[in-house]
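Chain nomenclature is as follows: A, B, C and D, assigned in order of appearance, with residue numbering initiated at 1 for each chain independently.
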Amino acid sequence: MLLQVRDVTRTFGGVKALDGVCLEVEKGGVHGLIGPNGAGKTTLINILSGITAPSSGEVLLDGQAVHGLPAHRLAAMGVARTFQNIRIFPAMTCLENVMAGQHMVASRPFFPRLFCLPSARRREKDQRIEALACLRRVGIEARADFPAKALSYGERRRLEIARALASRPRLLLLDEPVAGMRQKGVQEMGRLVQSLAAEGMTLLLIEHNMAFVMGLCSRITVLNFGRTLTTGNPEQVSHHSEVIEAYLGVSESHA
Amino acid sequence: MDLLAQQLINGLFIGSVYGLFAVGYTLVFGVLDILNLAHAAVFTLGGLLALWLVETAGLSLWLAFPASVLACGVLGLILDRVAFAPLRQRADSNFSGLISSIAMAIIFESAALGLFGARTVRFPAHTVSVHIWRWGGISITSLQVEIVAVALLLMVGLTQFLNRARAGKAIRAVAENDRTARLLGIHVDGIIAFTFFISSALGGAAGILFGLYFDSLSPDMGRSIELKGLAVIILGGMGSIPGAIIGGLAFGLSEVLTVAITGTSNLRDAVAFTVLFAVLILRPSGIFGRRKMREA
Amino acid sequence: MEALGQFFAIYGSLVNFIGINALLALSLYLTLAAGQLSLGSAAFAAIGGYTAGILTMKCGFPFLLSVAIGSILSGLVGLVIGLPVLRLRGVFLAIATLSFGEVVRIIVLNLDITGGAQGLVGIPNLTKTWGIYLTLALAGYSIARLRRSRAGWCFESIREDETAAAAMGINTTYYKTLAFTLGALLAGLAGGLYAHLNYIITPREFGFSVAVDLLIYNIVGGVRCWYGPMLGAFLLTALPEILRGTGVAAGPVRMAANGLILLLVILFLPNGLVSVFTRPGRPQAGLPPAAVAEEV
Amino acid sequence: MRSNHCRSGVLATLFLAFILLSGQLCTGAAAAVLEAKIGLALSMTGGAAAYGATQKQGAQLAVDEINAATGAAGIKVVPVFEDDASQPQQGITVFNKFINGDKVALIIGPTLSNTAQVTDRIAQQAGMPVLAVSNTAKGITEIGDYIFRDSLTEMIVIPYTMKIAREKLGVHKVAVFYGNDDAFTKGGYDAFKKALADAHIEIVTEQTFAKGDRDFSPQLTQIKGKNPDAIVVSALVEEASGIVIQARQLGIPASIPIIGGNGFNSPALLANAGEAAEGVMMGAAWNASSILPLNKKFVEAFTAKYGHPPDQFAAQAYAGVYLACEAVKRAGSATDHKAIRKAMSEIKDLDTVLGKFSFTPERDADHTPVVQVVKGGKFAVFGE
């Protein structure tokens, strides 16, 4: 078991965003996290990546308690993530974005750089090659020297994943990776996620696009009003009566 | 006892002056998240212009006051058009807006210096009639009462305006989220310009009242109140109108009480800024600020 | 050669001030490079300057030792202040550092050892032009080489997006404090050099307006590049003399010209003067069609 | 490219040399008239702009008068006004320009003592005479033997005032109120403190304000609570007016006099404080109401020219130009700084608007101060 979430609660000013959520993610494979708007999915991801601390409950990574640790500690333990509202570094080039993402794994001492030692140049060259590989991995190598803000929406999503990959994570949290994309983009993203899983990376995926989730995930957890509704394989989940109700209820109120 | 009562009155009064200055300041801050450092210069120009209208053009104060306030509103429009609107789309509009407002402040202040001279001047005596009431050792002037009243009226009136009037609601919508406001069909640029108009008009009015009460107007009169105004809008919570007035009162009282309690005035400003510092660290959203949730 | 001698005779002190201001601007740049808007650099310069000045004057310490101690003390204060203050963002941080600066200034004003308002008088004149520029060259070079080092990447990432930087594994608190402390260290160093330049330092030379000036140097020069702040400091320090040289009359007109130039730079050179010197070779100028978000 | 640069450099040098030479020739041609270039470093912008403006007016008036009186022989003043922006940094550049660029006969200014502390050392090193016309901080003339001043310091004015206050008004305990962030007002406070101790007057409370403050009621309320015989204030006129008005508004009776120093001696006090200024007492270097012909003529000419009466800053600047002129005239040269310095130090009992003027051996102003009181909306000499 790579990740265990036990009875996690998080309140914001009296409102319970998460209320005793439990979740287990096994090593390898793609785990889906779905639920209507406001179910607390992003809050959960924020807790898993250390951006928010849980009000109570515990989070175990490889059996080690990690809840309440700051984001950079969790990143150091191999958790990487993307954001729903894409947080790339707009003024950097794509390559620079990925190189910045190498923070956890790259050695970049100051003094060799200060004295222009060859070792510094060699290291930078290696890191550059590795960053280019990450860009190639997500299919935007051609954009390496473009400023990130000049990318298309889909490319930005990819860039953000490339940056996350640069830290060679064990667990990758993807927050709505295909939100707002057309069919073609969704398919490409699906292939990317699959190939990452095939390499043995564990992914936790938040998504609204049901077809996308059903097609990719081996297991799915459903959240509703801050509680775990159910966990199961796509087949089980899609036939779960409460799940159907939760989604129908939402779509009704939206209509 | 008289001493303390008088000090409380002093604090209430100077606090209202800070509040008056801060109301317009905080309005722009609330809507655009930008500090308009030219506000103090508009404040100065408002006072000096009204004086010029009274003294040189021979208008009565009742005409000069609205005329000058209007002119300051127009200055606000210019400010928006020249210094802020062109920068709005920039990623670093907080930084660059700050600087362009400083540039405008320099230009405005040099205009004040060039047009009105560097000397400290005042409204002609008896421009407004002043009564002084005394009870025992306590004294209050009618102007003090009027300024406190104007500050409170403005607080209530502006709050009502923002809550009730169409334009006021539009301002609040833009303050909340300009993109959503645009989607709702609000003419965002117009609303921002309007906000600048009101803010600067209020700044000008504050300048006139300030000049009337203290019998002293000079091109650099905005400087000393600028920092305190900044402190006040932080204390009160950014963008909060009642916060600006109450923050002003709190700041005024903290100054006065420092003098009253320690008996000396060396520490007055140090205490005020230490309080500000502490508030920022302990409660960054200010005493009355909505805690703006910054999403992760 | 004689013309050069003549130039230095008239503008030698200006050349010194440019160097000092460039150093101070660089110190602020360090903090800005990590995305933190500080208005406390002037206060750190004051701490460094007064400490160094007092040590050489009253304790007979050698020049370099005094300056080093002043710089280190300033850095330590930066560390202590930075830890709580850097939790704040944007304007709030600016105002917290500003109130820290005011408190420092008022303390200096009220101490006996600093000479109060009349300043610390009689500091030996030990700073030489070459010393300033050697320091500037070293500081500039180190900061230039900081880019692409571990800390450099961290600063840049935090400036771009603090939350994303944290999620990437950057200890943002550590690196923000590092930037702030290094900035304080450099400001203290510049202050120490400045103190030994003119026999005297006064609290007024480290006030709010100086803090704002330093910010202006950075924005006008450009904060995307290590030499931007130096360029800004150079141009704006020399500007009054340039205007004097071109015969713009002293007084309000020169002041207005100052403001106007600042305004033009900020409006038309979004990345500061640096953008004039960087070639538009990178595909930054002409964005590819893909720049427009195709979906959403 | 390179040779081009060289050539233009040579040309420029030749051109400069030509200009300089022709300048020399011109002065040579009109040998009968001694042309004295005087550099005036005044604060035209910044915090002290108000003083710089009136100083410039006073100086300009003196220059015009002197030049109008220049006949075939005599002295012609060429003033070079520069703005020190109330900042030491700019002051230094201005001084360097005067010394090395304009090559003036002597320098008048700068407006602020803080600036003078820095700039005057440069002049001293360069052997350039400086006449301070408004600096009153201590340690200015101590900078060196080229530094003079015609502004009587608070150290002279205030003890005299306190002596009179004690003798004539029976003042025994006072409250002191001063600006603690400004060299002038802080220096004034030091002078008051010493003078009060010497005159055995008790200080019941000390209060401070900062430059630019407009509200003084908290401090005045404290002072009122201590019931002093008088309030001694070290302030410049902007703050002085406000203090006077607010003291009276708070109900501090006119029987408790407010006593000030040089900073109070300005028509702005009368204009801005109005009736509240009645009875305010001040020790000052210049007697505005003096009926000596020289002073009367100055006040009239000034008022006619600028539409408002002069203040002490204007009077001291006006006197400064005359003193400078006298020194150049006596030295017989506008370039021999040594001679000008010597001539200046030898000025004795010269009639000026400040009264009979001499320099002390320490190059400070030496003339009788005056204690004035506001009576019927006008300055009057105390006791007259």
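Just so it is clear, contacts are C-beta pairs under 8 Å (C-beta built on N, C-alpha and C of every residue); 3 or more make two chains touch, one makes a residue touch a chain.
Keep in mind that this is a model prediction, so the values were computed, not measured.
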Chains touching both chain C and chain D, listed by label: B
Greatest separation from chain A - chain, by CA centre: D
Intercentroid distance (Cα basis), chain D paired with chain A, Å: 71
Rounded Å distance between chain A and chain B, as computed from the means of their C-alpha atoms: 46
Geometric centre distance via CA averages, chain C-chain B, whole Å: 30
Whole-Å gap between the CA centroids of chain B and chain D: 36
Chain C, residues touching no fewer than two other chains: 110, 163, 251-252, 255
Multi-chain contact residues (two or more partners), chain D: 45, 180
For chain B, residues that touch 2 or more chains besides their own: 110, 113, 266, 269, 296
Sites on chain C touched by chain B in the complex: 37, 84-85, 87-92, 94-96, 98-100, 102-103, 106-107, 110, 163, 208, 212, 215-216, 219-220, 223, 251-253, 255-256, 258-260, 262-263, 266-267, 270
In the complex with chain C, residue positions of chain A that touch it: 49-51, 70-72, 75-76, 80-81, 83, 87-92, 99-101, 103-104, 106-110, 113-114, 116, 124, 145-147, 149-155, 163-164, 167, 180-182, 185
For the chain B and chain C complex, residues of the former touching the latter: 29, 33, 35, 37, 82-83, 86-87, 90, 92, 94-96, 98-100, 102-107, 109-111, 113-114, 227, 230-231, 234, 238, 266-267, 269-270, 273-274, 276-277, 280-281, 284, 294, 296
Interface residues, chain C side, partner chain D - complex: 2-3, 6, 9-14, 17, 109-110, 116-119, 121, 198-200, 202-205, 240-241, 244, 250-252, 254-255
List of chain C residues in touch with chain A within their complex: 141-142, 145-146, 148-154, 156-157, 160-161, 163-173, 224, 282-284, 287-288, 290-296
